[in-house]
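What follows is a set of structures for review.
In the two complexes that follow, chain A is the common piece, with chain B as its partner first and chain C second.
This part shows the complex of A and B:
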């Protein structure tokens, strides 16, 4: 059991998202950085998709009410346990009464925006429509369908694997799966239905311009700033299903990338879609930073998904080996 | 008559768009296609939209050609599937604080508020599909004279129960949230209960009727 000590809003319980209720109007939700969530769970011997706490406003503090193993992944927030510094992407065991504090994400090449706190046994909240992720619109799932508040007490499920004394860690995904274009994080994109209905200049700008992430960016969507994307003629569409990662262009010409809390349908013209394998990279890109879109093919999208799977398989192997080795020692 | 549109939504989904005007008959074929596609091995979920269908992958197929061909063949074979739904009436207050964009619809359509209310409450609206947010339904049958483009910049928060127009479509918001549509009125109803079975009040094939209880100028 842990108790939240921060008033900070916007920390939510997330897993890998909710599938299968799009037809009832329910979006996916889920971790903005699925690789960080999976890595944290692997460190603890949890199932890959167990629920965790996604923290995106700092500082963030909580107290362990009972002895409990935990993992911190995602943004390096210079975390401390009772004042003792913890390495990033690290799992260890807290004693009852100890306080975990996450500061603002450290600046630098690997600066990220969201941290993930995984608990041994997973965050224990009820499964709603097949997921433990918080569905803010409609207010269900996660912890009472809302962001966490001071005084909330959150339980962990039964842990299966004991953690080696002293703890251990993994290399952040941003190192092994780094992808840049002109020294700016790159996001691979498949053109979408309306791509051919934009001017040649706009198409060119989509691939060449650095896109700035504006402060109006959150779990719902990232509003980007750059050269206006102009259709050859005004486009009005009938509403249709959409997915996180779709790059919509409202009439103003500044694109919006729909993110994990996006609604499951929409009608703005879509010029492209960031492939699923790269969406975590945008989910971690700080407000004010820039990203580039890189055109890719279907085969490249499949290869990228496989590369992520290989990264996860390797992380799982390392975590298992370390746990067995330490248990045998 | 043009051909269906088939396009990618990244590596997560494929979008099938029926050609032609938006009609109930086409939607009935979309419902049939959705039922067929739901049984395919690559399908995670088949999601009907407005005369279109999104196939969200269970896992993306290695190649697309065979799937695209199968979609086209299934569409040609799809016979209209009428769904016998219930009829549900909602009371609406038009204009005023609950309808902040009524002025924009008046300006764009050139109609007066009484004409807009009369045209908007006249039809039996068939529920074509659910989407946008939990319990929200996309309706067919809006009078084309009410067509008003979506807003230049989406509104960050409209309340649950908002009755709005986006392009040639109309709908009722099921909970608070952002929207790019023009809100012209408001109603109260519970549209979604996550513990319910099914969780949504409306299903595709149901009929929605709107009744004007007040018109605020």
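This part shows the complex of A and C:
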């Protein structure tokens, strides 16, 4: 059991999202950085998709009411446990009464903006429509269908494999799966349905311009700033189904990328779709930072997903071996 | 094969000896009989050695500065260096409250079991 000490809004319980309900008008939700969530769970010996707490406003503090192992992944927040510094992407065991504090994310190379706190046994909230993720729009799922507040007490599921004394960590995914274009973080994009209805200059700009993440960016969507994307002729569409990762172009030509809390339909034209395998990169890109879009093919998108799976499988194998080896020692 | 402190303490307890010191790659145990109990004999300066094969890291891969540069005060159990094996990061922990000492191996060098990695100065009077 943990108790939230911060009066911060916007920290939510998330897992890998609510798949299969878009057709019923229910958005996906889920961790903005799914690889960080999976890595935290792997460190603890949890199921990969166990629920965790996604933190995006700092500082953030909580108290452990009972002895509990936990993992912190995602942004490097200079975390401390009762004042003792913890490395990022780290799992260890807290004693009852200890306070975990996350500071503002470190800036610089490989900067990130969201931290994930996984608990041994997973965050224990009810499964709703196949997921424990918070659906803020519908006010259900997660912890009472809302963001966490000061005084909330959150339980962990049944304890898993014991963690070796001193804990251990994983190399952050941003290192093993690094992707840059001209030294700017890159995202692979499939051209979408209306791509051919944009001017050649706009198509070129999509791939060549650095796109700045504006302050109007959150779990619902990221508004990007760059050269205006102009259609050959005005495009008017009826509302249609959309998925996280879709790059829409509203009037004005500044794109919006739909993210995990996006509504399941929209009417703006779609110039591209960030592939699933890379959406975590945008989920971690801080406001004010820049990203590049790299055109990819369907086969390359599948290969990228497979590369992520290989990274996960290797991390899982080594983490399991290490826990077993140390438990036997 | 790993030698645990408790196993050595049991050997000492059931022996006619008063004191037992065991040194080997990656292990240094120094125990003494104190009444009916077996206690650790403190050392004034420790050398932290590698618990296995890996790449020795004073810095976390995400960070520019060392986890604990020489002269930094640390608490018992604090991570002061890392040993990387593939994507796995194993901790080198401060054995007590004290001050991190000089590194004895180069950053990012490949080290083997028992390699001396860095000095550590436990606080005087600490067990």
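What we mean here is this: the second predicted complex is superposed on the first by the 329 of 329 C-alpha atoms of A that agree within 3 Å, B and C clash if a C-alpha of one lies under 4 Å from a C-alpha of the other, contacts with A are read in each partner's own complex, and residues count from 1 in each chain.
In the analysis below, a contact is a pair of C-beta atoms (placed from the backbone, for glycine too) under 8 Å apart; a residue touches a chain by one contact, two chains touch by 3 or more.
All values reported here derive from a predicted model rather than from experimental measurement.
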First (chain B), second (chain C), both or neither touched by A:242: first
Chain touching more of chain A, residue-wise (chain B, chain C): B
Chain B versus chain C as contact partner of A:274, first or second or both or neither: first
First, second, both or neither for A:298, with chain B first and chain C second: first
Touching partner for A:86 - first (chain B), second (chain C), both, neither: second
Touched partner set for A:171, first chain B, second chain C, both or neither: second
Touched partner set for A:251, first chain B, second chain C, both or neither: first
Chain B residues within the chain A interface of the complex: 5, 7-13, 15, 17, 22, 44-54, 56, 60, 62-64, 129-138, 149-154, 166-169, 174-178, 180, 192, 194-195, 198-200
Complex interface listing, chain A residues touching chain C: 76, 83-90, 106, 108, 110, 166-172, 175-176, 311, 314-315, 318-319, 322, 329
Of chain A, residues touching chain B in the complex: 19-27, 128-129, 135, 137-141, 189-193, 220, 234, 236-246, 250-252, 263-268, 270, 273-277, 298, 301-302, 304-305
Chain A-facing residues of chain C, complex: 2, 4, 60-64, 67, 75, 77-79, 82, 84-91, 93
